[in-house]
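Presented sequentially are two complexes of subunit A, the first with subunit B as partner and the second with subunit C.
Moving on, here comes the complex of A and B:
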């Protein structure tokens, strides 16, 4: 673990036991998050992004889910280091919301409809610091002012249904940041919002995390969000990380065929305006594989344009690659050994 | 907000007025009764209702004033009904929400016990419990309470099951909330609506159950007046003196009606699907 690293995930595997078989939703994932860094986790729906992050906080519903292996090493400010998968449930509970907190996708369902938002914002502080009602209320108002809520003294007593979608997501952010956590996990925080609000919410997350030097894990399927927000990116496919790189490296020189495909399928305003303006948008052929009973092959090979014989029989190893920042890729095209 | 909705709902308001009238009569009965409800009066046996004698509802086979006995009996009936419903709802809800929230083996066993209790007709179960505990007035509370436990357990378990996998529960867990915090702070307030309605309807059924038990001689013991044992006494003289049966019967019917109207009205008021946008 490097000096400024705050979270290191090693070989994380999460499985779901379903009627149709064992689903390896997260399959041998490793990554590292530095203090104050913003890490993007990108991939299609169902590739295991959310499960990865629920596993970090041990929030995967069990049964049917089960964390089958790996380590989640969290280093607190005082330098103590813990494997979150090995400690007691109570020890993880104390960390949740205080050191690591989450923002969920849908702000409509993530707030309890029968509790006033002020009560919900102060919940984490009350749970972890045992504030009195009046202090908690004052703290809620302070948080609401911080997230740019107009007239917080009055709105602190309102119920979630009295807020717009964007305001609800702001409330969620206030909830998540109320204890000044070390790590904020944002699980597609803007997917349920319309485009004009998305930028505001992203700006808010960006400025508040910069203020408290909070590390952010941003889960998204929107590469535009990643480009604007993140320092480095992990691209996930079928439960595995296929490429890790800094934003600059990834966007200028994608290595993995899947990453190339993703970047090629972003609609570009400038391309549409050029001479061949009416060309069709690229899409990666095929569909993501079923995660039931995955065999030892590159999961992307059925859809890959440069698939070789070895891709069908062996899993590509993670290979470190030269770039402006640290980067690695799991693809036989770039593997140094075993070909 | 809900106060004005209550006032606008004529069904619920009718229920409120009826129940309030009974509460008023109870309050009055503590300070003033037209006659002594237990004192026999051999000179006025089975007298028809009349203004002249002051026996507005007539007298029974022992010459006791029926109005006074109904007023005195309403206290007993309502107290038993309230206590039994409180007992049944608190125990049943606690069992049900834990069963629903924990799931698995807990859920299985708690709900099987509830199924067994459910398989008996409620009056039969109440008689069974009274036979075990003995014929004391306060045991009626236990008998009816036990009848109610599985009903409340089922309703609250079902309601918890539908909301326990909500995003906001997961959000609360990600905030560091423990199981009982989530259950009592987040989930219980969300299922209060069906529970409030059930409480109101249960109050009326408890009145009926208590009257039935007393009618059968298992509940409130004579000479203490209860609507049930008044009807039981009236059975023999009903043809001669119909007022001995009519007035206690009306007392039961109206209170049951009041609670039912209140319950139905509350359901309309509190059901979010029927609620207008504010």
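Moving on, here comes the complex of A and C:
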């Protein structure tokens, strides 16, 4: 584990036992998060990006889910290192909210509809720091001011339904950041929001995480959001990470055919202003595979235009590549051994 | 009868208001949600007009009103010069052949108990049954098969039920159904927003090919400016039940005029880290105000950084700044 690293995931596997068979939702995933870094986890629906993050916090519902293997090493500021998958439930509970907190996609279903938002914002900090009611209320008001809520003294006593979607997401952010966590996991935080509100929320996450040097894991399907927010990116496909790179490397020199295809298939609002204007969009043929009974071949080979014989029979190894920052790709086209 | 303006679709002063009712036994109307509040636009043959805006701006309601799936409070919807709003139910049914809808949600817009081929053939069967179309059952089945093929669905899928298809394939079924009667106008309401990126481009390309091959005219609704810009020839930006700007797709990004359009464009994340870093975002204050409040003045003025005294007093009308570029903002209209 390198010096400035705060979280390291090693060989994480999460499986779901379903009626149609064993689903390997997260299949041998490793990545590292540095202190203060913003890491993007990108992929299409069902690629396992949300399950990865639920697994980090041990929030996968069991049954049917099960964390089948791997390590999640968390290094606290005092230098102590713990495997979150090995420690007791009590210990994880202490970490959740205090050291690692999470914001979800849909703020309406993740807030308690019958509790005032002030009470909900203060809950974590009351629990972890033992604040009294009055202090907690003052802290809630302070947090609400911080997230740009107009008139926080009055709104602290409102219920979730009295807020708009964007404001609810701000409340979620206030909740998540109230204990000044080391890591913030944001699972599609702006997917349910309009684009102008999305800009507000991303701006807020960016400035608050910079202020407290909070590391952020940003889960999203939107490559545009990633480009503006993240330092580095993991691209996921069918339960695996297929490419890891810094944001500049990934966007300007993608290596994996899936990443290339994904980047070429998004319409861009600035396209008309550039030379390639009315060019036809590329589209990746086919659809993402079912994760039931996946064999050990490259998961992308049925849709890949550069697929070779070996892709159909063996899983490509993760190969380190030179780039502006650390980068690696799992593809036989770039593998150095075994071809 | 209105004079034929040469446009396939000409919408004038369209209003759709929903009453807000109170009381359990005796209902009384206490107000109106002004979902669409005076919208004018037109679509020429072969054109694709994109209607873009944030949730609650009235873009879908406008589409549903044009499709006559939503009753109209006021205004005219002239389709080939004929006002759809004034048609009798029988005439309307016959007219529906010419305008069909592709819906947003491919999960809920297909009957789960019908097979794919039957879903696609249903419009034909309905028209054949009511005597508006002379086609035998064999012909209908053949037509459905060729539509499936045209929309990229294998013929072996004909006997499958909707739940056996992926989201992208379901949307293909929805598109094939919309094309069954050979419409002139296709109203596509967020046809790709429920789909993943890699599937989204497949569907967009399919729609583009169909438009070219079948000479279709599109009214395309989306909240995603990049999608709209890719697909459409002309774009109308909506805000709070009104159109604030219309222009051709190529010049929207290059030269937005209305402060709302500018903010909207600057908020769209670009998949390019270098451009993102160099960008200055216009962060709009606050949320979209409620459409149930009767307001004087420009609907955008509370969130506008360039609001003037005049904006609070009267609402600006949509006016041409140059050929093909209309905007409703006093900044561009001399006092």
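One rule holds in what follows: the second predicted complex is superposed on the first by the 327 of 339 C-alpha atoms of A that agree within 3 Å, B and C clash if a C-alpha of one lies under 4 Å from a C-alpha of the other, contacts with A are read in each partner's own complex, and residues count from 1 in each chain.
Basically, a contact is a pair of C-beta atoms (placed from the backbone, for glycine too) under 8 Å apart; a residue touches a chain by one contact, two chains touch by 3 or more.
Since we're looking at a predicted model, the values are computed, not measured.
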{"item": "Combined model on subunit A where subunit B meets subunit C, clash or fit", "value": "fit"}
{"item": "Partner chain(s) touched by A:13 [first = subunit B, second = subunit C, both, neither]", "value": "neither"}
{"item": "Touched partner set for A:97, first subunit B, second subunit C, both or neither", "value": "first"}
{"item": "Contacts of A:71 with subunit B and subunit C, given as first, second, both or neither", "value": "neither"}
{"item": "Subunit B versus subunit C as contact partner of A:128, first or second or both or neither", "value": "first"}
{"item": "Where the C-alpha centre of subunit A sits as vertex, the angle toward subunit B and subunit C in the overlay (nearest 10 degrees)", "value": "80"}
{"item": "Subunit B versus subunit C as contact partner of A:35, first or second or both or neither", "value": "neither"}
{"item": "Which of subunit B and subunit C A:59 touches, first, second, both or neither", "value": "first"}
{"item": "First (subunit B), second (subunit C), both or neither touched by A:314", "value": "neither"}
{"item": "Touch count on subunit A, higher of subunit B and subunit C", "value": "C"}
{"item": "After fitting on chain A: smallest Cα gap, subunit B-subunit C, Å", "value": "8"}
{"item": "Contact set on subunit B toward subunit A in their complex", "value": "165-168, 170-178, 181, 185-186, 189-190, 192"}
{"item": "Touch list for subunit A against partner subunit C, complex", "value": "44-45, 164, 166-167, 194-200, 202-203, 221-228, 247-248, 251-252, 261-263, 265-273, 277, 280-285, 287-288"}
{"item": "Of all residues in subunit A, those that touch subunit B in their complex", "value": "57, 59, 61, 93-98, 101-102, 104, 106, 109-115, 123-124, 127-128, 172, 175-176"}
{"item": "Complex contacts: residues of subunit C adjacent to subunit A", "value": "54-55, 166, 168-169, 196-202, 204-205, 208, 223-227, 229-231, 249-254, 263-277, 279, 281, 283-284, 287-288"}
